[in-house]
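What follows is chain A paired twice: with chain B in the first complex and chain C in the second.
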Partner chain A sequence: MFVLILAFGCVAAVLPVLASRIGRGVFYVAAAVPAAAFIWGVGAYGQISDSAPLIEQAAWVPQLGLTLGLRFDGFAFLMLSLVAGIGVLVFLYAGSYFHAEPIIGRFAATLLLFSGSMVGLVLADNLLALFLFWELTSITSYLLISIEDEKTAARSGAMQALLITGMGGLAMLGGFVLLGEAAGTYSMAELLERPPSGSVVNVALLLVLIGAFTKSAQVPFHSWLPRAMNAPTPVSSYLHSATMVTAGVYLVARFTPAFADYSVWRPLVISFGLASMLIGAYRSLRQHDLKLLLAYGTISQLGLMMLLFGVGTKESIFAGCTLLLAHGIFKAALFMLVGIIDHQSKTRDLRKLDRLGAQWPVVTATAGVVAASMAGIPPLFGFLAKEEALGALGETGFAWGVPVLIGVVIGSSLTVAYSARFVWGAFGPRPVSMIPHQGFVRNEAVGQQVPKPSKMFLAPVFVLAVLTLLFGLFPSLIDPVIARAYASLVGVRAEHHLALWHGFTQALALSAVAIGAGFALFSWRLRVEKLQDSMPQVPSAQRGYDRTVKGLLEGADAVTGFVQHGSLPIYLGVILLTMIVLPGIPLLSDGVMPDLWFADSPMQVVVGLIMIVCACAAAVARRRFAAVLLVGAVGYGMAALFVIQGAPDLAITQLLIETLGVGVFVLAFRHLPADFVRSKFRRSQGVQIAIALLAGVFVFLFTLFAIGARTEPSISGEYLDKAYSEAGGNNVVNVIVVDFRGFDTMGEIVVLAVAALGVAALVRAKRSPAEVEP
Partner chain B sequence: MTQRRSVILDLCVQAEFHTLLLLSLYLLFAGHNQPGGGFAGGLVASCAFGLRYVAGGSSALSRSISIPATTFLGVGMLFAILTGCVSLLTGHEFLESAIFSAEFMFIGKVKTSSVLFFDIGVYLVVLGMSLLLLQQLGGADGTDPDEVQP
Partner chain C sequence: MSFFSALIVAVLFSVGVYLLLQRTLSRIILGLALMGHSANLLLMVVGGRAGKAPIGGAFGPEDTVADPLPQALALTAIVISFGVISFLLAIAYRSWVLTQNDEVEDDVEDARIAQLGEAEMRRWWSRPR
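Here is the complex of A and B:
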């Protein structure tokens, strides 16, 4: 399995080089990798049973006890066949979608990387590895949406997708860590087998759900998905309908058998899922761009999947697995169809497309089959899935089962309506539409003759259409796969089987109601449109996102403006006050005064007096130059004290530093006036003096107390003993600097070098750009 | 404000300059057993260049050394890091010291430690830093207001 995931990355690495040689052929090369993954999956599917998945382990960071576990079970196979199977078709499709654009190498490589990340995501057993692959899909999604980077809309759409899913991913990581720590394991299988308890688990689940909701574009985090439609259609078809957006659903499906009974799980997942289903379908009815219509439809379908897995009964999990597969097949096909229309007629606005149906009968028939599957019309696979869903929700036995069921029926009828709108909009006559203040008008049409798409272009769509028909007519073909996926989630074999005809059941009646209501909505579309226009504008999620980002930037500006106002005296004051207050309080409460004595030798008294006088003089000096010289004199005095104490090394260093320091000060002074500027504000000068005095007193007291605070024996003795025997040096100070504390010195010289470069850069920056040599 | 160069100062600095550099090297090499070390040595060398600058301005400084100051910084860092890495490669801890001794003709037994290379790194970084400050703050590119004419 590791080899499989690595293969995606390795092939992706050579694709850009290959693209310059063979052009569009790279897509066919790339298609081989998901094809291999699919074949491997089918082979491995034969080796696993309901209770015995395929497991691979590798040490990841052994020091931290991290193992990278991969786990291939029935549900992983269901997801893998979606990711790899649709992946193959998308690569074949992209081979016809693109011409010889220069971006194709980069595009194919990124798409293949995404594919590999997604395979990793569905195979990962370790939660942290899952998070890693999860973020990799977010990043590759970002790169793919913005692949045409000269388009502003593509860039901002990509950024929005990354920000929202990235934020969710971080929340999810927090949830994973809480869960992993509570359970004592980061293996998902072990976690689900023995779910931890306690209030922290509810918080963790909430965080995980935020991750799942953002990734699966649930209301109110859905705004990124419509904007991601700026990506080329192969991306929309692959990432933003069939695979990546189902990652959140995948996670909920994995977690729901273990966590459905926790207090946050059902209410949250069901309410968010239902809201997404209804709002997505409602908004879908308003769209004129075929891609956006499908995007809102995807939000709606993802909502239904969330809801089904969130309910967490056995029947609903079975229905969820069916819908996951059915949706992947029909939605990928529909997006590919939009791509074909867009590619051939250069528009995907249903107000401009005119009677494509008459020109492309075969394409229209295919689209009809696939859209009917989405609408849940018998005998297609989508019908089976919706039937399962309605059946499962009718038997929950929960008090809220009935309202949820009614909501899903309403959502389903909206789905029927937008499916019909899709087919009619793409292939039917130009619509009459309502434009405010102009009444009903016919829109301009695109060219009457639209070139027919090639057979290669259509082939992937055909394959998917045939699948959705075959699985609908002969459910026994796919039933074992779904049953095994179900078994690997729930742990027991399904007693239930997919069937086209279950008899006259409540679900069938509800299905009929939904289809009837959907077609009624469609036939009254003008009235519906008018009604939708007259509805009060609800706050849109897009505006919410825009405001959040704007607020964040403005907030950051305000904070920066407040904290970094550029006044040196205030910076210095804040630093000094922090230094005084933070250690000062514990110092005054716990400090121990050491035993004091006057002096060791008369020389100390003399030198000390000179230093005190110089320091006082420096404080009151008018001229900067005089002040610096006086400060230097204090430093020389210090060196003299070192000499008296018998520390020649310190004395030498102190002396040299003072000398050089005075020199550098003088250089810096050429940029400043000779005299200190007297502050015009008496009060601020008073504050400055007070802070300076406080800082002086503090340093004095701190040094005193520090001497008295020794609780452990000094390490000087050890240094003295070992300096010659271990480091071969007689000069202990030097041995400490370069050997015992060599690492510190390393850090210090790095700081010195960086500071010097920083000063140089600042001095250069002050000069006008023309003066700086290029 | 161009002003005349002080001849006495100039001559004194010329006499002192190389002595100071020699002293700085002595401090560097003696540092392990006697007072001194890379830091003190680097500072003495910096003072030598500082004197050059005081006597002759930035043109005298740039005449006395042609290697860019940043090269000193970089080579110094390289010395320090490589010393650490060599001890890593020979299977010791990072920066762990090793002691070498050898007999030389006329000189006798010379004993030194691998930390000497580390100390050379410190020396070069300190020197590079002060040179960079002198050049940048002193205006090495001809913008020096205190430039003196010979």
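Here is the complex of A and C:
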């Protein structure tokens, strides 16, 4: 399995080079890889049973205990055959769709990578590996949607897809980590076998569902899917049927047997699924662009799949598996048809297309079959799936079963209506829409003669149409595959079988109702359109997305402007306040007060008072040299305090340094005016004093608590003992500086040297760069 | 520990912060010098009580001896703060030579960003909802 996934990447790497030699022949080369995957899948399918999947393990990051596990079971086979099978057809189709555009090498390679990531996704057992492939599909789909990168719409559509699915992916990662930590394993199979419990699991499931909903374009995260229509049609065809959007459904399908009874699961999945089904279908009826019509149809169908898996009863999971396959087949074919129409007649606006049906009878018949499958008309595969769905929802046994069932029937009739609209709009004799179109002319150029598509171009569509007919007429062909997929999800063998005729059941009646209502909606389409137009405009998800992105950017600008305004005192003030507040709070709550006395000696009080007075005077001094001298006096006071403390070395150093320091100050300031300039920024003086006082109080408390915090005796006893015996010095401080901690002194000397170099360079520099040039 | 030494540490630091927040470069440097003093004194005060100098022969077996380790650390700190202050003074001198100005202006680039941000903020709040 690892080899299989790697093959996608390796072949993709050589495709761009190959494309420059054999042109669009690369698509046929690329098709070989999913074909190989499909054949491997069929072979491996023979080796697995309901209870014994194929497992491959490899050490990933052994230091972290991460194992990359791949798992091939019945459901993985269903998904793999969908991804690889439709992948082959999409590549063959792309071979006719493109001519010799320079992008084809890049396109074929990216499409193959996309396909490979999807294969990896359905085979991955480790949750983190699943996330990795999940993100890979997001990134490759971004590249695919924006493949015609000179188009603004393509770029922004791709960005929207990446942002929305990427955001969902991050939420999902959070959910995976919570689940993995709660269960103690990141293997999906083990997790589902022994699902963890606790409230954290509900949070985790919520996050995972956000990931699934964004990926599967569920309302209100669906806006990226219609905008992804800017991609070339082979991408749309693949993305909508077998890959990308099915990833979310796949995840829900995997999780539902273990997690359906958790409190967040059913309400969320069912309500989002039903809402997506209805809103998608409703909006689909408004579209004039055939691709957009199908895109909203996909949202609707995905909603139904979500709903079926979310309900989580055995029958509904079985129905979900059937619909997943049926939808993949008919939706891929329908997109390919739109691509053919677009390619041959240069438009896909159903108000412009006219009388294609008369010119292309075979294509029209094929489209009719496939669209009928989408509408759920017997005896096609889509009908079987719809029957299963209605049957399963009819016997859930839950109180909400009936309203959900009614919703699904309404959604199904809308589906019938937009399927009819699709066929009629694309191939029918007159414009389906009455909404006037700017610059509308009965398209003579289109209406007259549209070149017939080549046989190679149509072949993939035929294959899919035949499949949807064949599986409908002879369900026993596909029943074992679905039954095994079902068994690998639920863990028990299916007692139920697909059949075209189940007898006069409730599901059949509801199907008939849906089809009848759908055709009624279609025949009143002008009135329906008028009604839709007169409806108040609800806020669209697209506007929501636009506003969110704009708001984020503007908000970031505003915050940057607010935080980074350029005033040094304010920056310093913020830093100091942070320093005071953050350590201040734990200090006040946990600090230990030491035993206190007022002062060590009367001398300390005298010297200290002088220092305090000098410091305060330095703060308010207006004359520059007065301030320098006052600070110098504080320094000499320091020396005196060191003497009192019992530190003669420090006192000497301090005296020397202070004398030197005052000298340097005088040297540096001798050119400057005698008085400080009265600052033009005087408003903030109160704040400055407040911050200074706060800092003082903080340091006072900090000093006291730091003294009180001592728990161990000093380590200096050893220094005192060994100073003479080991270093031959009586002055312990000297010995520490030059011997015991000699490296500190080394560092200190380096600092001084660097500072000296800097000072020399700055002082000797010329007045301005102009002076350097003679 | 003595209350009074903690007070000195606090006052020096507080005055240092006040000077640091000023716009005049020379006062900022003076403020840093005061904060350096405060930190050195803090090291000493926290390090232990006052006592005899830790020099062999200067104390008897019963005397309290001042802890030599914080002294060594403070010694290093004193010298390094001198280095830093000298460097800052050289910069202040250079700044004066170049601009004849001892005042810290707002960063031009940052100020421009701030202006843009403020305009954005105003648009943000005044937007009809």
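In the analysis below, the second predicted complex is superposed on the first by the 559 of 774 C-alpha atoms of A that agree within 3 Å, B and C clash if a C-alpha of one lies under 4 Å from a C-alpha of the other, contacts with A are read in each partner's own complex, and residues count from 1 in each chain.
The working rule: contacts are C-beta pairs under 8 Å (C-beta built on N, C-alpha and C of every residue); 3 or more make two chains touch, one makes a residue touch a chain.
All values reported here derive from a predicted model rather than from experimental measurement.
Peer 1: So, A:L18: does it touch chain B (first), chain C (second), both, or neither?
Peer 2: Touch partners of A:L18: none, neither chain B nor chain C.
Peer 1: After the superposition on A, what does A:V203 contact: first (chain B), second (chain C), both or neither?
Peer 2: Neither chain B nor chain C is touched by A:V203.
Peer 1: Looking at the overlay, what does A:L192 touch: chain B (first), chain C (second), both, or neither?
Peer 2: Neither chain B nor chain C is touched by A:L192.
Peer 1: In this superposed model, does chain C or chain B come into contact with more residues of chain A?
Peer 2: With both complexes superposed on chain A, more residues of chain A are touched by C.
Peer 1: Is A:I103 contacted by the first partner chain B, the second partner chain C, both or neither?
Peer 2: neither
Peer 1: For A:M746, using the defined touch cut-off, is the partner it touches chain B, chain C, both, or neither? Pick first, second, both or neither.
Peer 2: So A:M746 only meets chain B here.
Peer 1: Is A:A615 contacted by the first partner chain B, the second partner chain C, both or neither?
Peer 2: second
Peer 1: Is A:I691 in contact with chain B, with chain C, with both, or with neither (first, second, both, neither)?
Peer 2: After superposition on chain A, A:I691 lies in contact with chain C alone.
Peer 1: Applying the document's definition of touch, where does A:V466 land relative to chain B and chain C: first, second, both, or neither?
Peer 2: neither
Peer 1: Given the touch rule stated above, what does A:M167 touch, chain B (first), chain C (second), both, or neither?
Peer 2: neither
Peer 1: By the touch definition above, which chain A residues appear in both interfaces, chain B in one complex and chain C in the other?
Peer 2: Correct list for chain A: 648-649, 653, 657, 660, 664, 667-668, 729-731, 733, 737, 745, 752, 755-756, 759, 763, 767.
Peer 1: For chain B, which residues are in contact with chain A within the complex?
Peer 2: Per the stated touch rule, the residues are 27, 31-40, 43-44, 46-47, 50, 53-54, 69-70, 73, 76-77, 80-81, 84, 94-95, 97, 99, 111, 113, 115, 118-119, 121-122, 125-126, 128-130, 132-138, 141, 143, 145-146.
Peer 1: For a test of understanding, state which residues of chain A touch chain B in their complex under the given definition.
Peer 2: On the chain A side, the touching residues are 648-649, 652-653, 656-657, 659-660, 663-664, 667-668, 670, 727-731, 733-735, 737-739, 742-743, 745-746, 749-750, 752-753, 755-757, 759-760, 763-764, 767, 771, 773.
Peer 1: Please name which positions on chain C make contact with chain A in the complex.
Peer 2: 1-15, 17-24, 26-27, 30, 33-34, 37-38, 40-42, 44-57, 65-69, 71-76, 78-80, 82-87, 89-94, 96-98, 102-104, 106-111, 113-118, 120-121, 123-124
Peer 1: Using the touch rule from the top, collect the residues of chain A that touch chain C in their complex.
Peer 2: For this pair, the touching residues of chain A are 551, 554-555, 557-562, 564-569, 572-573, 576, 594-601, 604-605, 608, 611-612, 615-616, 618-619, 624, 627-628, 631, 634-635, 638, 641-642, 644-650, 653-654, 657, 660-661, 664-665, 667-669, 671-673, 676-677, 679-681, 688-689, 691-693, 695-697, 699-700, 703-704, 706-707, 710, 714-716, 719-720, 723-724, 729-733, 736-737, 741, 744-745, 748, 751-752, 754-756, 758-759, 762-763, 765, 767-768.
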